[in-house]
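Two complexes follow with chain A in common, the first pairing it with chain B and the second with chain C.
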Partner chain A sequence: MGLLRPSLPPGKSFGALAEFADPAELYHACEAVRDAGYTKWDAHTPFPVHGLDRAMGLKPSRLPWVVLVMALGGALAGIGLQGWVSTTAYPLVISGKPFFSWPAFVPVTFELSILGGALGAVFGMFAMNQLPTLYHPLFGKTSFERASDDGFFLSIESWDPKFDPDRTVELLRQLGAKEVELVHS
Partner chain B sequence: MTDHAHSSSPRPVVLASSLWLPRDHSWRRFPSVGLVLAALGLGASLVGGLASPAIRSQLWHSWLVGALFVLSIGLGGLFFVLVHHSTQAGWSVVVRRIGENAMATLPWMALLFVPLLVFGMGDLFHWTHADAVAKDPLLQHKQAYLNSTFFLIRTVAYFAIWTFLALRLGALSRLQDKTGDHNLTRRMRRLSAPGLILFALSVTFFAFDWVMSLDPHWYSTIFGVYFFAGSVMAFFAFMTLIALGQQVLLPRLVNEEHLHDITKLMFAFLVFWAYMAFSQFMLIWYANLPEETGFFAQRLAGSWRPMSIALALGHFVVPFFFLLPRTIKRSPKASTIAALWLLAMHALDMYWLVMPSLHVGGITFSWLDAAALIGCIGVFLAVFGGSLRRQALVPLRDPRLPESITFENV
Partner chain C sequence: MSGTQNESGAIGAKGGQTAGSSAGLADPNHPENSDPVDHRAPLILGAPTFHAITEVVARPLERKPTRGWWICFLTSVAMVGVLGVSIAWLFWEGIGVWGLNNPVGWAFDITNFVFWVGIGHAGTLISAILFLFRQKWRTSINRSAEAMTLFAVMCALIFPGIHIGRPWVAYWMFPIPNQMAMWPQFRSPLMWDVFAVSIYGSVSALFWFVGLVPDLATIRDRSTGLRRKIFGALALGWRGSMRHWQHYEKAYLILAGLATPLVLSVHSIVSMDFATSQLPGWHTTIFPPYFVAGAIFSGFAMVVTLMVITRKAFGLEEIITMKHFDYMAKIMLVTGMMVGYAYGLEFFIAWFSGSAYELFTFKNRAFGPYAWAYWTMVSCNVLSPQLFWFKKVRGSLVWLFVLSIFVNIGMWFERFVIIVTSLHRDFLPSSWFYFRPTLFDVSTMIGSFGLFFMMFCLFVRFLPVVATAEVKTVLPQAAAHPPQAPVIQFDEQGGRDATDGRFGLAPGGAA
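The block that comes next holds the complex of A and B.
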């Protein structure tokens, strides 16, 4: 999915959207969908539901690694910049300190590593959430507006290998969905 | 955050009697083992140390290192309980007794300082020597603060504050075990907030008095915070070890979620300690003012230099990267290693703070260092173990106990 429209073959639907009455029902539905072997699906809730990531079978996020690499990169950049400036570019004797005065370099190095980590976290999070996505087929459904109010939704995308328009909708109905519909882009 | 999805799962049912330390548990022997260690360690120290004047000064310095080590763990426990009540914490109810048992040692730590106050002042503190003060304008200037009488009054005041807070909060907590009165939680909170202010002031000035004034020409305004940071880190390391034991005993009450939070806090205060230690160092290094540099100049010269580097690497760099991953923080084995290591590093920190004022040129280890440390640990273990046996392992009727049991980390 990108900035504009997802690349779908024309005529095919986006997938199935199911609405559930409360977080507990959504939680159990997620467990069932996970166990049924679906991989390209998502849950939409107005507030974080405790344990839903486990119910969905989500793997631990890779974001911490992104943060670590960015933070180390920031630290390296800090030491590198100050070191190069103080020893090669402008080697000045400042209050009798050595050219590579590492204690004085620590604050900037530390702050740049924090900055790297923070930027990595924020933009990494955006990227892994595929944001910004200016258009998403689910926004076409007016009922989906309740996903940020009091509705609990589960959507299964049609390019999931196990997706079948009739059987998937039937499964979601069996799991207790208030409403199931096929979403067309 | 209430758990919507688990509304149908059953609550664990636990018998109140199982929440005490079992009769045959090895930890029941803490008081006796502690007393033996104390008798052997402190006894041998006193006998050997008082034998000759040459070694007497070593005795009091080693004694001070040991006393500071165990006192700081008790202070960390008091801090944890104060913050727990002040912030109305829910997750930590199940492990709060560890802090309460640790802070119960504080009144007895005063006993450890009595010999220092009565016999050790002359050997420890240069500013007690009237002839030295008479020749030194700086010491004369500080005399209004650094004199034996005021020093004694202040030390008594510190231990009085800590004893009052520790005994009062412990008593209210134990009372709640019996009555389940919710008002007690409110009273403990109302005591803890001003208690934190008293704690901060007393620990800061205690550090100034008993550690910083070992070199009365030197000062560092961040020193109190530095001592505090190391103390709380050491307490969380100690708490990790005890909580792991408690997890084995009460697996349905204490689980990896609580361990994770405790190791997170140990890690956080490790970073805070490093921040304080480096801040102190960098500002002094950068300004390079003669009245401030003495402390580090001494510790970066001769054989003190490798110990300073070892402290920087072993107390910060290595444990920082070791404790960074989430899986390590949630692993009992890895957390045990980290906790033991950090306790050892904290002892090294106390040694590094005190000993250069005795062994100015370089490190000189003495058997008294080990004996006094073992003896002080024995006293701590004895009192902690006694407190552990005398009450339930968890606050039985704390209103937030259910929240603590079902706590889940991110």
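The block that comes next holds the complex of A and C.
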């Protein structure tokens, strides 16, 4: 867990890695692996394959809540800063307006809520993905380099309760994998 | 480099194999090539494989830079040198080195600032607004347009920093505790501007970096040694995990949703620097939408200028196609007419307001001492884009390039006209004065272009100029369900069952 260290299965074995020919093959394999009851597994693709999250049975991302909280935080900071500066820290009468002339504070409040939301979206996303994680057992496989080019992979981790070196590999073969191999950490 | 013909073959030839049979695949009107769902011609020509896309984008980063790149880069570095000397002299001597006078206290400095902020807007429009509108063609140009945004904001931020000639008090712009126990005045649009532009720059950088991460991983996986380590660190260990992609896509969508109102607010706030004043020529409610339309107009012109060169230099003819230029030309035509409308409406309002000062300002703008600047602006911004009505012009790279330069010039002059013509005739005729730029006005402006082009040269040299992960998603083979025209089958009860062919198991029927 955490920065630079992935959450990995204990022991020597990481799990099984299978390569599929195209997004459609991977899609069907994911549906089958999901239906077989696996939970600790993943697909690796060079681009987000449309609908693959549903084929894997992933729950919708909770990132929007992080963004909402951060954006509201930004807005509060904006109105708080301007209100405090204009009423307490350095009150100035400008064109006879009240000290807390909130309509004039709208632009900065708006910009700060955007900033908060954007920071929440980016860093929330990286945190949920546990990135940066510079080391991962899958990087040890040369074929896996194609996951960022034109390779479509499915990995099942060894700490999955249903994982069995022989039967899992057999399942992936049956699903039409071009190649299946065991990965060690 | 003129014409629409050179559209075929290059990706297939470079990237090795192409998907499917060879004959006629580069022809966008070939039935096998059109999108099977909506029967539109494909966005990416030459029916490339995923790998071919990676190759054509990544290869230029992996070979030695060409002579043309060195020429562009060294020229722009020299211009940055000019910028450095100009700014150093400004700080040493004071803003008297510029042609500013009373009453023209803002001229080239703020013109350049507004011009550069505006240039950036096309990048955000392409990356965020077109994303929300599901315009898939944006994928070919969004990376470079976003880079352009960042570099334009960098250039823009120089000018508020230096225009008072006292950079050591630039921190007065920020709400930070200081030894004078003074705080900024938040009812001023100049203060809003500090927040708008700096947050715009920050959010654009975040958005750009998020888009880059999967492509940085692609470059990492293709390289060895130190290069692999550097790109590995920048890619943060991205491994294409679908569990990551899920959050990633959500983050991307949200960023697009946040950047859209942000970009519209930025140039609106820039326009309020003028519109909230009481100066005739500035005090106009049409300014926010007028500035935003102008920003998008000028930004697209700059995208076209850069893309014509980049596409040629990097052999991206099949990723950035003539169709992309056609769309961008149409956007320039529309936004060009919007600014033309705004120019006309300003005159109408000046007359309709019944204010003698307003009317004088606008008559003076068109027929006074700066009439040359005004009519340069009108011919470049309103007349020249009218040529985009012609398909031949939209399909010719030479025309596109020349017209995009015209628009760049015209939009620079628009800001000059707004700022200088409104200032140079004060309320008291005894204060009237004519602004003439000095050598240092011009050298600072040229230097800012140097900075922009230097950053862009570095970008195309070291980072993938096309968002490959996004371009791959618009290839027909990217769909998990290969799209085919729906097959309508009738079952025994006479009911209809639409299947997409792949899962074509109609009830009781053979598939």
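By our rule, the second predicted complex is superposed on the first by the 174 of 185 C-alpha atoms of A that agree within 3 Å, B and C clash if a C-alpha of one lies under 4 Å from a C-alpha of the other, contacts with A are read in each partner's own complex, and residues count from 1 in each chain.
Note that in this section contacts are C-beta pairs under 8 Å (C-beta built on N, C-alpha and C of every residue); 3 or more make two chains touch, one makes a residue touch a chain.
A quick note: this is a predicted structure, and the numbers were derived from the prediction, not measured.
*Asks:* With both complexes superposed on chain A, which partner does A:148 reach: first (chain B), second (chain C), both or neither?
*Replies:* Only chain C is touched by A:148; chain B is not.
*Asks:* Once the structures are superposed on A, label A:96 by its partner contacts, choosing first (chain B), second (chain C), both or neither.
*Replies:* The first partner, chain B, only.
*Asks:* Just to be sure I read the superposition right, which of the two partners does A:131 touch: chain B = first, chain C = second, or both, or neither?
*Replies:* The second partner, chain C, only.
*Asks:* More chain A residues touched by chain B or by chain C?
*Replies:* Of chain B and chain C, C contacts more residues of chain A.
*Asks:* So, does A:56 touch the first partner chain B, the second partner chain C, both, or neither?
*Replies:* second
*Asks:* Based on the superposed arrangement, let me know which partner A:108 touches: chain B (first), chain C (second), both, or neither?
*Replies:* It touches chain C, and chain B stays clear.
*Asks:* In the superposed arrangement, what residues of chain A touch both chain B and chain C?
*Replies:* 22-24, 27, 48-52, 55, 64, 95, 97, 104, 107
*Asks:* Could you please specify the touching residues of chain A with respect to chain B in the complex?
*Replies:* The contact residues of chain A facing chain B are 22-24, 27-28, 48-52, 55, 64, 68, 95-97, 103-104, 106-107.
*Asks:* What residues of chain A sit close enough to touch chain C in their complex?
*Replies:* Contacts found on chain A: 6, 22-24, 26-27, 30, 42-53, 55-56, 58, 61, 63-64, 67, 71, 81-82, 85-86, 89-90, 92, 94-95, 97, 101, 104-105, 107-108, 110-112, 114-115, 117-119, 121-122, 124-126, 128-129, 131-136, 138-139, 144-150, 153.
*Asks:* Over in the complex, which chain C residues touch chain A? Could you list them?
*Replies:* 49-51, 54, 175, 181-187, 189, 191-192, 195-196, 199, 202-203, 206-207, 209-210, 214, 217-218, 220-222, 232-233, 236-251, 254-255, 258-259, 261-262, 265, 269, 272, 468-470, 472-473, 477-482, 502
*Asks:* Considering the complex alone, what residue numbers of chain B touch chain A?
*Replies:* Per the touch definition, chain B meets chain A at residues 1, 3-8, 278, 281-282, 285-286, 288, 324, 326, 408.
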